[in-house]
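These notes open a run of structures that come right after.
What follows is chain A paired twice: with chain B in the first complex and chain C in the second.
== the complex of A and B ==
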């Protein structure tokens, strides 16, 4: 046996210099990043970690495999035979003691109609005297306790829950059919119509964004071009709502819009209407309140961009014979577009997450995605679905916002 | 030096005599008029007689907080006030100690439905029909009158939840109180409830927080509302609201004590809960809020005038329905989904 030792190849001089240069560059880059370390750590702790937890909660699906390990393993190789029934009873006896029974029942109900009852019915009869019987007799006893066990639905659901991670909640959040009937067919039962809720969220957000831009643009123009006292007053008016709590602003809309409120009083005394109009608890109220809350977010980026547009450009256009409007639209406005886009984007993304305002002044048909996320988190404790809905919301917002924000960052260089 | 020795010996005595000095208890309730009443009737007397330091916290049934505590093993709450549905859901999720099977609680003589697997009722409240007295010449008498838009025109308000709403619809459709939950367990029964609600859907304003119905009534936004009786009694007493209450067919619920799994002072919590269920102490709550006692014997020590305003008074109890928390824990998810689809349609 010969052992060949490779001679250490001497590093050529040029290569060494190259690696030195590279090290120096990395060191320089690290030095430049160093001041940002606190921010990076902060982001990692309070953005990346929570996001990772949300993703994990959305795809985690371990109630079934945790409570019925032997049954799940058996089903993977053979069907729901007598042995499966015996193992099911075995698993349930242990699950009862370890507190895994209730979570299992709940998760089964998500996947199959009557799943919760089916599990609880078997759990009630599961005991040492039952497990001592022949597998055939066990099967008979289980089906007698709840006829759903004689059909394929519950067994399919158990089989589908054989892994600790699944796309179950994400599919549910995307509005796909996830719930089966006891006979194994998808149920036609009306559940949450998530696609309609996403659509509603986007429609409301687009409407609010469009309105804030329409109202905010002239205002931003006036603020950015007027100097002195008028400008200061106007900017104060824009900022004032910023300093008032969201809840207070929303509650004040309730006072204004209610049946005997300021708005109805005004409309009635002016003779426009003869009896109070239903203003509160409508889509109109939701959009109105959201526009007021979002206006500063749209206007401020616009102002910062408009301030640096040289007035001489418009003057030049005017001196060449353009009308005031033509000069504004052909010279001023194109330069303001990055500011408009930035303001609109900020408002749109913030609107997607609105929760409090629609809940307080909107009608039942105006609730946006966040309302349901809060409901599943707090009231129904369905954290898997709540996390999946959050992911869809974050994903959707990114898909819409990313191209826009790239546009803004390439077109607004030096303006912010 | 002398000072130091004195301090040392004092703390040694404290250590020796143990829990009497060291005991601490965190009690959580729903804030507002209810928690004030509980403070006067239960917490203060208990702290005074036992020397326990009671820390109070409030919540509004957000189970996420409780679940986060239990999951992370850092449970800072010891006794938590829940309503039957919230209690049943939390119990199913394994967040609460199973106290219903304990002998000390079973030995108490409580009204029907006041002892659940994980919760024990300390006072009763009711969902009733509250109305503006000046809106009707001849006011409604029963909760189901909220469906009668011919006799009682105007907007009406329900809680934006299938809980109470579906029960009220079936009661109005002629289902007997004892049959409500068996009817609601069938798909046909659920359809029947929604069909009844369809008849007045356009006249409904939905509320979400307990203070809203009184506010909606006082501002004239609605003429009648399903509300919790304590809230209505409170605005009548403190804000001169003059709202009427129709008691018949009330839907009765309980304020219930629970102990979270892993509570640091679980034994102290048990002890505290048991004192609030002594007849004399239990009767105290009705002095401070229009909620009834849950201990059968406590009803005797309440004077006639107070009794008139309690949900548990015989003259108010006609056709009363006891809310089934277990039913809602089991069917809440499915019915919430149906309700949400129906309401947005």
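== the complex of A and C ==
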């Protein structure tokens, strides 16, 4: 056996050096990425994939087509004729056995008033003796079991659910009309007024953000311009609640605000009120607790920006005759804007997703989007709607946050 | 009169300003200062003054199997979370401070994003994902979820520490014949240990504190202290819950103090 040694391909010197350089660069990049690989894989698996599944769940709509495949196929080419009724009964007999009936009934109720009952009524009479009958007789029996089958609403809903993916839940979450009456008209009955819930979420978040900025700005100013021991104490007072458990802080508001709590006790002994005021489970309690919880998040970015504003700027303005307030508002405050904006943005975005505090100290009229996501997941098992609401929440927060964060980063001149 | 400080506001502005800031700071601290001592009240009332001081609510807390079980669950989950989050986060930070890292800003944003994501959305996403993996109502499932929430804190603190780390030391170690792992273990880790320690404390506190995700994905076997508190707060507030809150605060602040002491020693 002869060993042939191939001569090294004649490569021009420059080309070889270029290739070496490229190899070295790739090696350097790999070396940098390597330690981060475990986290990237972890995030891809447990953050990116679950969020993708939320998107899929929001647009997935397969209960109807899964339970009524033959009926759906028939409806695609013709209307709700005698044949459709016979196929419906056929499909329902199979659905009863395969466990698809309950999901179907639930999904039909989302789309039609009385949809669940309509499905269950037919399922009850569906059996071998019914299929043996003439199509016309089947039709009569089905309509006798539930008169809704004689109208267009239920059939339209089945036809609309003929695809595995639809915008049904997203439309529902956006507050568009999705529910029909048996006669096929959109119903005026609203089970959840989502636009009102979004508006409430935004109103509460804006109110909390505005209050934290109004309270936080002077606080940040005083903290950032104090030095030495006083400065340390002040920053400690800001950080202390920041590091205390969110749940503990919410609990302390319940203790303070409840009917026989500290606040009512104080108000009554001071003679301001004669009987305990309902403070807990109100909008007031929600906003107050949220402001207290968010205040450190608003103040800390402000402090970090204010600390590096040179005092000489204000001094210069003063020496040129500006009044203290004029110097503050025309020289100091404009330079603090990136910090104010960052603190406000962070607070606003976090407020949009608040769940715990409103759930514990707010009334039924103070619950925000997050509360309904939790409710549809845990109590009503309507994952499609919960996912659609999640998409609206994340989408809304991103739409608001992106341009603002760009504004902050372009106006912060590298201070962050 | 000596030097005149132009930056100073006149007293007529400073006085109301300080008053306002004082009241605001009181708003931050007072609810805690008012609520937590009630755990020492001998009576089940939520007002002052107390008829007598007593430890009866702490006795009730530590005498209850449910509360003790919840506390132990919380500690176990938090320890596992701390280990996972600190390992993943520290390693990732070492990569992320390297200027050769491609798409550095994007990966950083991804690593931080669980902090800004509404917790309920994260809970729902994990709940649906877990239901196909069989991870719902398991210890591992809760630890993974908590790690997801805790890693950003580790990444932020360790990255901040690493930006002050002198990377020529690593090259010096390599020159002296140390392998990459040895250089990391003997040179880098001891120097960035305060940052890693602080990150670990944040990770522990994040997990120890977390309740919303647990409500979604944890079963009765993973009843944590916050979950038990949440249930109690929704049903009937009793001073045992405040005693539990005091215990929570004590454990986390002890950890913070340890972290501070370690950081100072260095």
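In this section, the second predicted complex is superposed on the first by the 368 of 416 C-alpha atoms of A that agree within 3 Å, B and C clash if a C-alpha of one lies under 4 Å from a C-alpha of the other, contacts with A are read in each partner's own complex, and residues count from 1 in each chain.
Here, a contact is a pair of C-beta atoms (placed from the backbone, for glycine too) under 8 Å apart; a residue touches a chain by one contact, two chains touch by 3 or more.
Please read these numbers as outputs of a predicted model, since none were measured by experiment.
S.K.: Put the two structures on top of each other at chain A: do chain B and chain C fit, or clash?
M.R.: Overlaying the two complexes on chain A (C-alpha atoms) leaves chain C and chain B clashing.
S.K.: Go through the superposed model and pick first if A:109 touches only chain B, second if only chain C, both, or neither.
M.R.: It touches chain B, and chain C stays clear.
S.K.: Touch check for A:377: first (chain B), second (chain C), both, or neither?
M.R.: Once the two structures are laid over each other on A, A:377 reaches both partners.
S.K.: Touch test for A:33: chain B only (first), chain C only (second), both, or neither?
M.R.: second
S.K.: Considering only touches as defined above, state whether A:222 meets chain B (first), chain C (second), both or neither.
M.R.: In the superposition, A:222 touches chain C alone.
S.K.: Please work out whether A:143 is in contact with chain B alone, chain C alone, both, or neither, and reply first, second, both or neither.
M.R.: neither
S.K.: Contact-wise, after the overlay, does A:258 reach chain B, chain C, both or neither (first, second, both, neither)?
M.R.: A:258 contacts both chain B and chain C.
S.K.: More residues of chain A are touched by which chain, chain B or chain C?
M.R.: Comparing chain B with chain C, the partner touching more chain A residues is C.
S.K.: Check whether A:349 is in contact with chain B, with chain C, with both or with neither, and answer first, second, both or neither.
M.R.: In the superposition, A:349 contacts chain C only.
S.K.: Report for A:49: first if it touches chain B alone, second if chain C alone, otherwise both or neither.
M.R.: Second partner only, chain C.
S.K.: Would you sort A:174 into first (chain B), second (chain C), both or neither based on which partner it touches?
M.R.: After superposing on A, A:174 lies clear of both chain B and chain C.
S.K.: Going by the overlay, flag which of 1-9, 73-81 or 127-135 in chain C ends up clashing with chain B.
M.R.: With the two structures superposed, the offending stretch of chain C is 127-135.
S.K.: Using the superposition on chain A as set up above, list the residues of chain A that contact both chain B and chain C.
M.R.: 258, 260, 377-378, 383
S.K.: Going by the contact rule set out above, which residues of chain A touch chain C in the complex?
M.R.: Result: residues 25, 28-29, 31-40, 42-43, 46-51, 53-54, 57, 215-216, 218-219, 221-222, 225, 234, 237-238, 240-241, 243-256, 258, 260-262, 265, 291-292, 295-296, 311, 314-315, 318-319, 324-325, 327-328, 349-350, 352-353, 355-356, 360, 370-371, 373-374, 377-378, 383, 386-387, 390, 393-394, 397 of chain A touch chain C.
S.K.: Using the touch definition from the top, list the residues of chain A that touch chain B in their complex.
M.R.: Its residues touching chain B are 99, 102-103, 105-106, 109-110, 116-117, 189-193, 196, 258-260, 280-281, 359, 363-365, 367, 372, 375, 377-383.
S.K.: How about chain B: which of its residues touch chain A in the complex?
M.R.: It is residues 61-64, 67, 89, 91-94, 155, 160, 205-206, 208, 219-221, 330, 332-334, 336-338, 340-345 of chain B that touch chain A.
S.K.: In their complex, what parts of chain C are in touch with chain A?
M.R.: 5-10, 13, 17-18, 20-21, 24-25, 27-32, 34-36, 38, 45-48, 87-89, 91-92, 94-96, 98-102, 107, 110-111, 113-114, 116-129, 144-145, 147-148, 151, 155, 205, 208-209, 211-212, 215-216, 226, 229-230, 233-234, 237, 241-242, 245, 248-249, 252-253, 256
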